[in-house]
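The two complexes that follow have subunit A in common; it is paired with subunit B in the first and with subunit C in the second.
Entry: the complex of A and B
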């Protein structure tokens, strides 16, 4: 007899689960070493409570009515539940607070795309530590975690979610055009973005900035190119913020960073630094994170915060690919990765 | 020679010849691709060939770093997580609504039956068009010659791609509305766009030069 399960869900059998658990244990150890306490919350929450964090932005896809007719949702990430926990259970505790989790979250899936309706995430939330120190701590822990998992070729994309919106504000772009530009940016349709910018009828250098800035990515030269001659305070603020984070991380962490001024998060609660984790074995990011300095305030405990979440299945796939390459002797050369220098050599920074 | 070691998904069909010309200009060796129409993968040149509608699938998954396909395909598959980097300017065609010549059977169906039946290979594009117009439509997805559907009474209208309109005319169909114009686009995998940034940017800037040169030439000959 064949008894089906919902699309996007899976049974995990012993061979796979043994490997997944091994990865989870390495991650837990890395989180524990960094002083992050593991936390579990119910998979089901009240929709009205999670909606404080802007429920539309997180797309809860599974809603139920309980026996009183109250709407329950399956959490679509762990950040909102932890924001609720902080406001409720740690209302007067002195920050910073450090939490981690390894837990399933629930999403919508598009048919026939191998997407997970239930996916297992490992992540951290650092509450009450602002930019740049908190961001640097989260970024360093992200690298320590990926190192502990055993990945050798990963890179972290680092950008600032507030950069493009504040650039649009600074240039006085009207609301309807602003929405259109942000829509194209999130869809990464640079052809449409360039055309919409041309229709704005603004000056040459400002228009060029709006069209090219989101495509700037690479090493520290990206910051120099962005800051060179723009005189736009939004760009200077974001570039300064990214520089301050980079000054606070080890060389090994900085070497992993690809600066990306086009990085903008789909979730609207990100307010500052955003990161994505890439591995050449996978066509999509295997994790993401960033600063969400406004979110805790919506739950009544205004504190700056930063966090990240890694997709355990993606980590497992990347690790398997890396082991295959190592075993076949193809080595690192089999998959080229550019090595941009996210930080200028120390000698050049000493004149600062 | 490949393009900076990048793998590029190349569309067979209407965009094929011009795409290979542009790749030649990049210094990619396309001679073998031109002469061997059964082979699908050309490792030395970093090219893989496929039907245009499969290009976003390969690029999204990272099986190709870059790809070239029509805007019509990208609109139909708008949920694919790929970056659209450049309008290459060639392969111009239009997505149109067409019906049999004479009194518009689609308008009559909408007026008297409240719904129009529409055959198409682009169900999402067609549905979005009718939703935006506030009209009810029943979309019939077909895989082969769409022109057949209105001639046999299966539907009142079709939504299809046309370059010259010849096939429509030969089947006694007329264009009632143009839904969108399409040209070839360069797309990139999101992860390759970061991990191979310099290589990708070089390809983009050189294709941009070829595109604007081709555009200038075309406007001179007109």
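Entry: the complex of A and C
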């Protein structure tokens, strides 16, 4: 007898859950080794509190009324609840503060898109450590965590969420056109982006910059190409910021990074460096993060911050795929597998 | 800056969460040792599916509409979701089935009662093993689990949820009076219960039985006293059932048990043995369980079943209290601490 469950949710049976729990434990140990203390917050929050993060538009949450008629929502990420905790419970604690979590979050889903309504996430928030040092610490911990769970083929896309908005500001692009451009950018629809740029009626070199800059992906040569020939301060700021982060991470971390000047943030609270985790086994990122230097201020404790979240089920799928490849003897060759097309990096990592 | 969170919820900060996670791990290991496989289910379920358990009246859940206008609720326990999983995903698997969980559940709260809206539970469901063997296995695992986490002073109240309803059936008590009596019984309001019994206008010995039987608590002598002088089959069935369970558990488990013929079920799906876990540090039970032999049938896979759930935060509080007592040198004497009044057993456990 079949009893349905809501779309975007699933039952996890013992064999799979045992593996997920083992991954959780390794992640927790990696976070703990780095000095990040785990926090748990309620799945339910007051909508008015979470609205400080202004993400309602991006991830409209499950809403209902409590006994007093106040609107409660299921949290759609852990960054906003932890910002709330920092402002409320650590209002006078000397930064930096290092917190982590392993917890489900909830998103509303569109029919037939295969989206998850309930996601198991593990992540960290580093609060009170600005760019570039905080960013470098977060990226290094991200790699240490993925190494600890044994993922072999991952890459980190690294960009700057402020780059494109700053470019648009510098060129005086009006608000409605700006929204359209950013929508295409988030969707990575570069064809639509180019068309929208053409309609702006701005000068040739500026139009070319807006159309091509976000398509720059690859190694450090991307930074040279971006900086060459433009005296644009938005580009110089972003390129300089990325350079300073790369100077502060180990070679092993830098070797994982794919620079991506088109990387932008789905969540409006990201302000600087943004990153995504890719694995050739998956068609979408298994993790993401970035700087959110303005968010804590909205909760009354202005501090720069950076964090990331990993999707535990995607991570598990990627690990299983690697295990299958090892078992089937595809071995080192498997490391050459192409990245998923939508997010494909321009460079490949060499096998090891 | 203070940002409120919904009543009945809380933030758990690193020092406390580290201890809670350690307790969870010990519990998971104890469940795993006994052959119980952990399952995770969505926090959100269709109301129509959970309504098969008929517990909506007891624990009205947080309700909201999904994208199609269907009512979703936050689960208020894990027993119903696991019954759903068994009927759906294990429809033809040979019983018994042994499942466990470590998961939050959600209840609506009444203002200013200090009730938890979000509870962290760990528990098991043993499906396809009837009384008395299944009950004895569940009780034994309950004690093994509490022993594994290091709780020293706990006691298990053991009764039979069918006893009082069967007595009322046997005496032909009309429905409205029956509901009133059961309400007083669940509230353990024996004064109101006696008054309501007096108003029934039934014979002296029957009235005495209804008024006094649920007040019988203690060791095996309770069974002698209950059986003595009544030829009532409901009493004989319940007493015989409890005896058979006690015969099947180790002495160490039996030594933890306080028989309680007034123990009844807050959840309507309990059908036979019911139990509660007490600790002198707490004013309310830190766990509960029982047989629910009819529930799986409502989901289309009729199998007897028994399970229990522990409240992880209560368990943590009890453990901390014991640690404080040990640290303060109160030692063995502390083992003599009185049980909480509302649930006080008639007998005390001797210190060890």
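Here are a few things to note about the model shown:
Simple rule for what comes next: the second predicted complex is superposed on the first by the 325 of 352 C-alpha atoms of A that agree within 3 Å, B and C clash if a C-alpha of one lies under 4 Å from a C-alpha of the other, contacts with A are read in each partner's own complex, and residues count from 1 in each chain.
Rule of thumb we're sticking to: a contact is a pair of C-beta atoms (placed from the backbone, for glycine too) under 8 Å apart; a residue touches a chain by one contact, two chains touch by 3 or more.
Remember, predicted model here, so these are calculated numbers, not experimental data.
With both complexes superposed, C is the one of subunit B and subunit C in contact with more subunit A residues. Once chain A of one complex is fitted onto chain A of the other, the partner contacts of A:228 are absent, as it touches neither subunit B nor subunit C. In the superposed pair of complexes, A:18 makes contact with subunit C only, with no contact to subunit B.
Within the superposed three-chain model, A:188 lies in touch with subunit B and out of touch with subunit C [touch as defined at top]. In the superposed model, A:110 makes contact with both subunit B and subunit C. Legend: residue contacts after superposition of the two complexes on their common chain; A:157 is shown touching subunit B, with no touch to subunit C. Judged by the touch definition given at the top, the superposed model places A:280 against subunit B, while subunit C stays out of reach. In the superposition on chain A, A:252 contacts neither subunit B nor subunit C. Shared contact residues of subunit A, touching subunit B in one structure and subunit C in the other: 110. Residue ranges on subunit A touching subunit B, taken from their complex, read 110, 155, 157, 187-192, 215, 217-218, 258, 260, 276, 278-280, 282-285, 336-338, 340.
Contact residues of subunit C toward subunit A in the complex are 1-7, 9-15, 17-18, 20-21, 28, 37-46, 49, 52, 62-64, 66-68, 70, 72, 74, 81, 84-85, 87-89, 91, 99, 104, 106, 108-111, 117-118, 299-301. Residue ranges on subunit B touching subunit A, taken from their complex, read 5, 60-63, 78-79, 81-87, 185, 189-199, 201.
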